[in-house]
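Dropping a structure here in structure tokens format, bear with me for questions.
Labels for the chains are A, B and C, by order of writing; each one numbers its residues from 1.
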Amino acid sequence: MLDSKIPAGKLEEKWVDYKGHCKLVNPANKRKMEVIVVGTGLAGASAAASLGELGYKVKAFCFQDSPRRAHSIAAQGGINAAKNYQNDGDSVFRLFYDTIKGGDYRAREANVHRLAEVSTNIIDQCVAQGVPFAREYGGLLSNRSFGGTQVQRTFYAAGQTGQQLLIGAYQALERQVALGNVTMYARHEMLDVVKIDGKAKGIIARNLITGELERHFGYAVLLCTGGYGNVFYLSTNAMGSNVTAAWKAHKQGAYFANPCFTQIHPTCIPVSGDHQSKLTLMSESLRNDGRIWVPKKQNDTRKANEIPEDERDYYLERRYPAFGNLVPRDVASRAAKERCDAGYGVGTSKQAVYLDYAAAIERYGKTEVSKQGLSNVSQEQIIALGKEVVKEKYGNLFDMYAKITGENPYEVPMRIYPAVHYTMGGLWVDYELQTSVPGLYALGEANFSDHGANRLGASALMQGLADGYFVVPYTLGNNLADEIYNTPIPTSHPAFEAAEKAVADRIHTLKNINGKQSVESFHKRLGKIIWNECGMSRSEAGLKQAIADVQALKKEFWSDVKIPGEINEYNPELDKANRVADFIELGELMCVDALNRNESCGGHFREEYQTPDGEALRDDENFMYVAAWEAKGEHEWQLHKEELKYDVIKPSQRNYK
Amino acid sequence: MTFKQMFISSVGKKLIMGFTGIFLVLFLIVHAGLNACIWAMDGGVMFNRAGHFMGSNVVPRILEVGLFFFIFLHIIQGYLLTLHNRSKRSVGYAVNYSKGSKWYSRSMAILGTILLLFFILHWKHFWIPSRITGVEEVTLPNGLMVHNLYAVMQETFQSLWVVIFYVIACISLGYHLAHGFQSAFKTIGVHNKRYHALISTLGYGFAIIIPLAFAMMPISFYLHWVN
Amino acid sequence: MSHNTMNLKLKVWRQKNANTTGAFKTYEVNDISDEMSFLEMLDVLNEKLIVTGDEPIAFDHDCREGICGMCSLYIDGKPHGPWQANTTCQLHMRAFKDGDTITIEPWRSNAFPIVKDLTVDRGAFDRIIQAGGYVSVNTGNAVDGNSLPIEKAKADESFAAAMCIGCGACVAACKNSSAMLFLSAKVSHLALLPQGEPERKSRVLNMVAQMDKEGFGSCTNTGACEAACPKEISIANIARLNKEYLRAGLTAE
């Protein structure tokens, strides 16, 4: 059984107690201690900056050309915090409760409560950094509701909250760079963790410009490398987002927890063809006013506007009369897939459903008519007035849709389809965010800890910053206090030498395969396998087939991949090959995990485990645990279970009928 | 931070361009105003009197020193800035970006060079004779002996080539001002939308009216609208 | 949903690394769907090049949704291509027609040395931020977020400046390779907020000094940067920067 090191005591006192009793490193010693941070998104940049401020000598790594590019930047909606500025009944407990429930009771109570506690500090910190959050006319911070919660606790900066928060953290990081506390290594990719006496003591990184391998020592290694959504090839992740750092850690002994918990977002712009390289998310808020439908006839080739009202199937309203178009993300996504699979999909690919604003436009138009006291208005005038209102509320999203698809969403219904956009699974960490390898930590989306089987909207930014600004500065010190007696290890140590050689060998092997197929083509094939069998719905037979397919793909990859260019130069194809090789292995583990979890919960839907009317069926008796996988060898993993104990919250079944 | 440090930075250099530019704009108003006296239709009496005042009173003479200083500062700094900016892109584009800005905004150095050539000629025509080599004198109705600059103008603008060159210079001045006027204010930090709108309108108006007034002077003499 | 395909000629700048000289090379791409993004069109070309044993074209890109600022490309004489308020990754092939020849160049500025082909090094921007583009507040020092009300108009204006994605299109567009739009966006973002007030003077002076050190040119207010900016950062920010600079310079000790 895994020890998650959760402090004893009452839930709401655990973190306070921990902070009061954890060991500290004195400032003079901090100056001597090097710490490695990999990744510079919200978690990485905030951790690197905060640790630099404390006096540690930090080395930060990112594969992009600047730390400001990390994909946290793309988050649109906002960041939750239990400030209760709106006086609408929010509290730390309520945020904690919503997060546990939203995660379908597969997250750890102590971690989530701590997250809710520090959420308020995050907002204060960001404001102090100069993050321009949206404000009311009185000059105070504005909030909106998000993701169906009953309180307004989401802070936002238009549709660019992630960008503004990341820039805040990036600026704090650059300040530490200027002060000499942090050394920044941009265009560097971590390719292995170096372990000495069972502890993580450094990394091997590749300079992506020169191709050189570098050895870096650190008393601790923090992985803040994001999620692995790109295993699906098509996702809303950035092109470069990858699992490599986390996977290398996994191969070095860090357990990988709940890899099958992935989140599929229901409102994305659908795939337009085989050339598609990534998917773009459209804010969930569109479901507040849009109606989702497909034709009642299979393979209907008529244009949307030519299909009469009584031949349209508003399937969410039909199946979930109580919540209608506002059911949670996982439910909405699965329902869209069900319709498309049954042959009712629309568009050229038939893998899309309509999100229709015609009714909303008319409704808003009529409201405007009565508001302005107009009489004798024609239908056209009503529509024109309605379009104005819709434009005001959703204009930027409609523009984005028009830019990508070339269609005018004010005239024709938008086509949407679910897409992968977040992974709840990740490296297993204890309460201190330390993985099963001592000295190796995982923060933000890279760990598994806070979102259970499904993440609520506006919670990813919160978790990344909580881990980096307010959790790891304490927990790292608690562990490094014992390390001060150990002198730094020179990178000429045999362990570094061996690790570097292993990395170099692998790169040479990859490069020398000299096959016929491009890296991209393998990635696409992997994505198709995982999307079809380990995507929105999974089955035992499908997963078994997928495991076999992925294993075969791995073999083919290692015998037929073609990488152009040289090793010792800027070679994006080689970088990609390194990443795809790891995605293939992860893909297999995802299927193994999904196959093991004989229940449906959150983003994980097993076809065998559903209610008679097609809803997810959880099995708390047998699966209320975190599945942490230990790498044992090729295609081999050992399962370690961390029992989830709910002392405060009583799990219940979700119902949206 | 010393003043020197402040004015040799990239922004500081531009501040010098902006401040000297605004001074030159003011000078143009004075110059155009005085020269407009030629249209008094009094055979140049008012014009020559104004010219005498500018040449003999101590205040304009001191300002003249400043004027020369600022003109040369503007010219030298302008050329240095252009060279400095050109050196920042060693390999140019195959296709130039021309849609985002006005051609005259990108051509301030060329327009300025035309103006410099014009100044040389202009000084030769008027300033050097008036200040150094001497100009024939005339007696005003009040008995004051003054330089007959009016006559010099009459004589100079009998040559078609001179008139054409002066008109070209005025067109260059117009475009130079069309960019320079509002750019100078941006450079010294006017950013409010309201003032900016005001200044651009003023700038375009100024860029048309002042050069037009100047261009009309040689034309008026050449076509004998004044005598 | 009807879509067309097109055949195109691409004139692409190829350069092995910073130490070699580059040259244009012409490629043909066929059957390009107008639904593709510009970068997907380059992906198609690269796949072809890899399979035929050629070296693929190196270009920077990451989020492909117009926010990370990593993509660049100077397309047919305009940074980020023909569309307004747009990044290269969001440019779609509908912008072109069958038979077009498209010229693709890297950002050109001595301050952005070429890494390979169309990829440039924009590290200068990070160093400009290091010179003062932040509020000096350590984690844990903050007071309550609502303790300091900020006029909504100012907060909005600050946000409009903070939207800069640091892509460098302003430098690429400017005939002087000036980074003033980038710099002024950061100075404005922080100067408009009370949190930025204590370091207002040192920030602008230090950042300008760093910009000069990096080898960018001076701004001559041509407005090309604003026209090319994918986030429509206003050139008024440059005027504000000038004001901040003048104020800081004149009142310095």
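We take it that a contact is a pair of C-beta atoms (placed from the backbone, for glycine too) under 8 Å apart; a residue touches a chain by one contact, two chains touch by 3 or more.
Source: prediction; values computed, not measured.
When chain centres are taken as C-alpha averages, the shortest distance to the whole-protein C-alpha average belongs to C. Chain centres were defined as the mean of their Cα atoms; on that basis the chain farthest from chain C turns out to be B.
If you average the Cα atoms of chain A and of chain C, the two centres end up 26 Å apart.
Inter-chain spacing, taken between the CA centroids of chain A and chain B, is 62 Å. For the pair chain B and chain C, the distance between C-alpha centroids works out to 37 Å. Chain A meets chain C in the complex at residues 46, 49-50, 53, 64-71, 73-74, 83, 85, 121, 123-130, 132-141, 157-158, 160, 162-164, 167, 170-172, 174-175, 177-178, 184, 186, 209, 236, 238-240, 272-273, 275-278, 280-281, 347-348, 403-407, 469-470, 473, 516, 518, 520-521, 562, 564-565, 569-570, 572-573.
Within the complex formed with chain A, the chain C residues making contact are 1, 3, 16-17, 33-37, 39-41, 43-44, 47, 49-51, 53-56, 58, 60-65, 67-70, 83, 86, 90, 92, 94, 115-116, 119, 121-123, 125-126, 129-131, 133-146, 148-152, 155-156, 158-159, 162-163, 165-166, 189-190, 193, 195-196. For chain C in complex with chain B, the touching residues are 11, 24, 74, 76-79, 103, 105, 108-111, 172-173, 175-178, 205, 208-209, 211-212, 215-228, 235-250, 252. The touching residues of chain B, counted against chain C in their complex, run 1, 3, 6, 9-15, 81, 84-102, 105-106, 108, 179, 182-183, 185-191, 193, 196.
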